[in-house]
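Scrolling down, you'll hit the structures one after another.
Two complexes come next, and they have one chain in common, chain A, joined by chain B in the first and chain C in the second.
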Partner chain A sequence: MDNLQLLISGLANGCVYGLIALGFVLIYKATEAVNFAQGDFMMLGAFITIGLTNTEYMGLPFWLALPISLGLMAVLGYLLDRFLIRKMFGESQTSVVILTIALGFVIRFAAGLIWGHEPQTLQNPLAGKEIALGGLVLGMEDVAVIVVTVLLTWALYVFFSKTKMGLAMQGASQNQLAAYYMGVPVKQVQGLVWALGGVVACVAGILFAAKGSVDPSTGLIGIKAFAAAVIGGFGSLPGALAGGLIVGVIEPFASRYIAAGYSQIAPYALLLAVLIFRPHGLFSQVRSKKV
Partner chain B sequence: MRIVFKTNYMQDIRPWKDGYQLSLYMLLLVVAIAAPWMLDDFYLGELTNVLIWAIAGLGLMVLTGHTGQASLGHAAFLAIGCYANIILIEAGVPFMIAFPVAGLITGIIGATIAVPALRLHGIYLAIFTLAMSILMDDIIVLAEPITGGVAGKYAPSVGVFGFMVDRWGTPNEFYWLTLGVVVLVTLGYINILRAPLGRSFIAVRDSEVSAQAMGVDISRTKTISFGLSCMVTGWAGALMGLYAGAFNNETFSVVISIQLLMMIVIGGLGSIHGAFFGAIIIGFLPQFLSISKEYVGAVFGGSTVAIPGLEFGIFGMILIAFILFEPMGIYGRWLKVRTWFELFPFYRKDMFKRQKSYLKTERLR
Partner chain C sequence: MSEPILKIRNIESFYGPIMAIRGVSLDVHEGRVVSILGANGAGKTTLMKTISGVMDPEKGTITFDGNDIQGSEPHKVVQQGIVHVPEGREVFPLLTIDENLSLGAYTSSDKGQIEHDRELVFNYFPILKERRNQEAGTLSGGQQQMLAIGRGLMANPRIMLLDEPSLGLSPLLVQEIFTILKRLNEEQNMTMMLVEQNASAALNLAHDGYVMEVGRIVMDGTAEQLMASEDIQNFYLGVQEEGERENRRWKRKKTWR
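Entry: the complex of A and B
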C-alpha cells in the first residue's frame, strides 16, 4: 500500500514534468526550436494565476481567473514568437537555445520583481480535499493533475494527427520552405504553436501551484522536465508524457530505497544512460538522414 | 585600408597580419604586464578575475566556437581542474607540476566523456553536458573523502619559481601568474588554429558531411577538441579555485556553465577576441551595476535597495539584444566599426549581411 501511495504521488509529479516536457516537444515538433524557457513559462503562468486568484492580490474567482491567465499566456507566447523567435529564422538550434535560456533569466527576474521571492500557493477550490479509495488516501489535487494531463495529452495528440492545422504544423516543422510552397502559412502556424506552448505551460503551472508552492526559481525544474522529454524522445508527444512519468515515479522510489545523496542523481543518471544507449529517446521517431 | 603585400607563402599562415598588428599586440602585452603598478589592489583583483574567465572562455571557445559543439556543462570541468590541482598540492606535489597535471587530468576525462557524446548532435549534446554538470555537484558531495564534500576545501598559497603566490597576500604575483597562463594558452590557441588540426575543427563546425568528404576524421577531431577544451578549462578551474580561496560543491554550479556559454556568445563565437570581450562583460557587469545603482540612488533619492536577480535579468537582456541584433557578438561589431573607418567613405550597409536562410530540419539525421 505504501508503494502504491508513492506511485500515485510520483505520477502526479510526473504529470507536471510531463506537461512541461509536452510544451518543449510541442514547440520543437512544430518549429524545431527548443524552448529552454518552458519551465519559466510554467512559473510565469502559475504566478499570473496566483496574481489573479489569491485574495492578497486581485481575488477573482478561480474559474474566471483560469481562462484569463490561459489567454494571457497564449498572447505572451504568440508575441514572443512574433518579436523574438521569428528573427531567428534559419539560425542554428544552438542560438535559439541560448536565446531562450536568456529569456528564462529575464522572466525569472521579472517574476521576482513583481511577485517577490517568497514561495506562494494557489488558492484553489480543490485545496485540502481528499478521496479515500479502499485504504488509499489521495489528495484531490493529485487526482486532478493526473486527469487534466491525460485529457490534455489526448487532445493534443488528436490535434496533431487529425486536424488540418496540426498537420500544417508538422509540415512546417519538417521543411519550412516546402510547407510554404504547399500553401501553409508558416509564420502564422509558428505563432500559434508558441501560443499553444504558452497555454500548456500555464496549465502545468496552475497544477503545480495548486499542488505545492511556486517561487521564481521554480522554473529550474524545467531542466528536469527537459530530461524527461529527452528520455521519452524529442518529437513524440506521448513519449514526452511517458518520460515525465518515468522521471516523476523514479524520484520518490529512489529517495525511499536508495541511500540519500545517491537518490537525486537517479533522473540524470537515467538521462545519461538513455542518451548514451538510445540517443534519440525511448520512443523516438528518428530515421536516418539521406544526403 | 592597409593592404598587405604578400611575398612569401609563410605570410598566409603566420599568426599576425603585419608588423603594425604585431606591434599593437605587443603594446597591449606591455600594458598588461605593467597593470599592477597602475591599478589598486581591488581593480587588480577584478582584472585577474576577468583573465581567469577569459581562460575558461578560451577553453569553451575551442569546443563551441570552433568545433561547433555547444556545451552547457563546462563548469564540471572547471570543478575537476580545481579539485585536481588542490588535491595534488595537498599531496605534496609542487604547484609547477600540479597545475599542468590538473589540466591534463581534466583533458583526459573530457576526451573520455567525448566518446559517448560523439553520437549526439546539437541540442542532445547540450542536454548531455548539462546533465553532467548537474551530476558533478552531487558527485563532489558523494566523494567526500577526497573532495571535502559540502564543507569544501581551502586553497593554500603556492610557490612559483621561488616566488610566493597568494590571492590576498601577493595579488601582483597572482596576477602575473594568471597573465602568463593567459598568454601561453592564447599563443597555443592561435597556433592550433593555423595548423591542420584547427582547420579540421572549423571544417567540422561548418559541415560534418563536407568535412568527412574532405577526409577529416570526425570522431577523432571532436574527441581532440573536447580534450583540448577541457584541458584549458581545467587550468581556468585551477586558477579559479586559487582565486576564490575556498570552494565546495556549489562553487561550480550549473549556472556557471550557462554563464560561460553566454559569455562567449556575447563576446563573439568563433574568435579568440570574443572570449576576452565576453570575460570583460562578465567580470565588470556586477561592479558596473552596483556603481550605477548608487548613482541612480543619489540622483532620484533613496533607492539603494538590493534587487535580487538584477544581475541575471540585465545579463539576459544584453544577451537577447546581442543574439537578435549582433549574432557575431562584440567582436563582430568591432570588426564592422573598424571596417567602416578603414574603408571610409566606402563602407556599405550590407557588407556583413549573411545570406537569407530557411530552416532545414535536423530531425532526419
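Entry: the complex of A and C
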C-alpha cells in the first residue's frame, strides 16, 4: 500500500516534469532551438493564474482565470518567437540557448518583483480534498494532475495526428525545407508552436501550484525536466512524457529506500546511465535518411 | 506560339558573395515539358529554388501567368500553382504516406478536390495506395521519389518543378518514373520543368531543352535539336565516335566556349 501511495504521488510529480519536458521537445522539434526558459514559463503561468484568482490579488473565479492565463501564456509564447527568437535566425544555436537562459532570469526577477519571493499556493476548488480508494488515501490534487495530464496528452495527440495545423507542425519539424516546398508558412507555424509551448507550460504551472506552492525560483525544476526529456529521447513527444514520469517516480522511491538526499541525485544518475548506454534516449525516433 | 506560362528574365542569384546564376532567361509554355541539362554546380537547383521562392534573386523577373513572383514567400508561390519536387525526395520520414500526401495539399482547403487528387496520385502510383499507412521513411528510394512526385501533385499545380527525379535510382526505376511523368504530361496536360543530369532520359521526355553551365544558359532548342547536336551528344549523351581514338585523347572544345 505504501508503495502504491508513493507511486501515485511520484506519478503526479512526474506529470508536471513530463509536461515541462513536453514543452522543451515541442519547441526543439519544430524550431531546433532549446528553450531553457521553459521551466520559468511554467512558473510564470502559475503566478499569472495565482494573480488572477487568489483572493489577495484579483480574486476572479478559478474557472474564469484558467482560460485567461492560458491565453496570456499562448500570446506571450507567440510574441517571444515573433520579436526575439526569429530575430536570431541564422545566428548560432549557442546564441539562442543563451538568449533563452537570459530570458529565464528576466522572467524570474520580474515574477519576484510583481508577486514577491514567498512561496504561494494556487487557491483552487480541489484544495485539501481527499479520496479514499479501498484503504488508499489520495490527495484530490494528485489525482487531478494525473487526469489533466492524460487529457492534455490525448488532446495533443488528436491535434497532431488529425488536424491540418498539427500535421504541418510535424512536417515542419521533420523536414523544414520540404515543408516550405509544400506551401507551409513555416515561420508562422513555428510561432504557433511557441504559443503551444506557452500553453503546455501554463498547464504544468497551474497543476504544480495547485498541489504545492510556487516561488520565482521554482522555474529551476526546468533543469530536471530537461533531464527527463533527454532520458526519454529528446525529439520524441511520448518519450518526453515518459521521461518525466520516470523521473517523478524515481524520486520518492529513492528517498524512501536509499536515503533522503538521494531523491535529488537519482534523476541525474539515471540521466548519466541513459546517456552512456542508450545515447539517443529511451524512446528516441531516429531514422537515418535513405539515399 | 502563345504567351509562355512561366517567363524568366535575367535572373541573378547569389549564395552569399558567390554568384550562382548569372542572368538566366527562359520560357516554359503550357502543356510542355522543358528540360534543363547541366553538370554539377551549373546552377540548375539554384534556379529551381529561386523560382519556388526558397531563394530570392538579386535581379531579374519571374513571371507566372502574368504575375511577377520573384522574391515571393514560398507558400505564396505554391498558392499560385507552382510546386517544387525537390532533389533527394525530402519526404516527411515519420509521417505516413497518406499524411505526406495531405501535407502536399496544405494550400488547398477544398476537401472534394483533395480526395480527387489523392485518387489521381494512387491511380498513377498504385504502390502508394498499397502502403498508404506506412511511414514514408520506411519506403525504398524509388517509392520515396514516387511519393515526392505524388505529394507535389496533391497541390493541384499548374506547373511542376522536378529536380533530379532520377537521382540515385536504378535504370529500370528511372524508366518507370519517366514513363509515369510522360503519362502525366499527356493525360493531365501537366506542364513540367525538369532538371536532370541524366540527359537521355530527360530529352526523351522533354519537348524543349536548355543547357546550363556555370550559371548561364549556353544552348537552347527543341529536344530533337538538342539531341541532334554534336556537343550534346559528346558531352551529355556520351556518344562515342568510332575511329577517332587519337583525337579523343585531347579534350574537345565545346562550340560555345
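The rule is simple: the second predicted complex is superposed on the first by the 281 of 291 C-alpha atoms of A that agree within 3 Å, B and C clash if a C-alpha of one lies under 4 Å from a C-alpha of the other, contacts with A are read in each partner's own complex, and residues count from 1 in each chain.
Convention: contacts are C-beta pairs under 8 Å (C-beta built on N, C-alpha and C of every residue); 3 or more make two chains touch, one makes a residue touch a chain.
Given the structure is predicted, the values throughout are model-derived calculations rather than measurements.
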Query raised in the report: For A:V16, is the partner it touches chain B (first), chain C (second), both, or none of the two (neither)?
Result: neither
Query raised in the report: First (chain B), second (chain C), both or neither: which does A:I246 touch?
Result: neither
Report task. Figure out whether A:L272 sits in contact with chain B (first) or chain C (second), or with both, or with neither. Result -> first
Report task. Could you look at A:E32 and tell me whether it touches chain B, chain C, both or neither (first, second, both, neither)? Result -> first
Query raised in the report: Quick one: chain B or chain C, who's touching more of chain A?
Result: B
Query raised in the report: Regarding the shared-chain residue A:F226, is it in contact with chain B (first), chain C (second), both, or neither?
Result: first
Query raised in the report: Touching A:K164, do we find chain B (first), chain C (second), both, or neither?
Result: second
Query raised in the report: Just chain B (first), just chain C (second), both, or neither: which does A:N175 touch?
Result: both
Query raised in the report: Taking the superposition as given, does A:M88 touch the first partner, chain B, the second, chain C, both, or neither?
Result: first
Query raised in the report: After lining up the shared chain so the two structures overlap, which partner does A:P185 touch, if you call chain B first and chain C second: first, second, both or neither?
Result: second
Report summary line: chain A residues contacting chain B in one complex and chain C in the other 174-175, 177, 285, 287, 289-291
**Report entry** In the complex with chain B, residue positions of chain A that touch it
**Finding:** 31-32, 34, 84, 87-95, 97-99, 101-106, 108-110, 112-113, 117, 173-177, 216, 223, 226-227, 230, 234-235, 261-262, 264-265, 268-269, 271-272, 275-276, 279-280, 285-291
Query raised in the report: Mind pulling up the chain A residues that touch chain C in the complex?
Result: 164, 167-168, 170-171, 174-175, 177-185, 285, 287, 289-291
**Report entry** Contact set on chain B toward chain A in their complex
**Finding:** 64, 70, 116, 119-120, 122-124, 126-128, 130-132, 134-135, 138, 141-142, 209, 254, 258, 261-262, 265, 307-310, 312-313, 315-317, 319-320, 323-324, 327, 356-365
Report task. Enumerate the contact residues on chain C facing chain A in the complex. Result -> 52, 54, 73-75, 77-79, 83-86, 88-95, 99, 102-104, 106-107, 137, 139-141, 144, 151, 155, 168
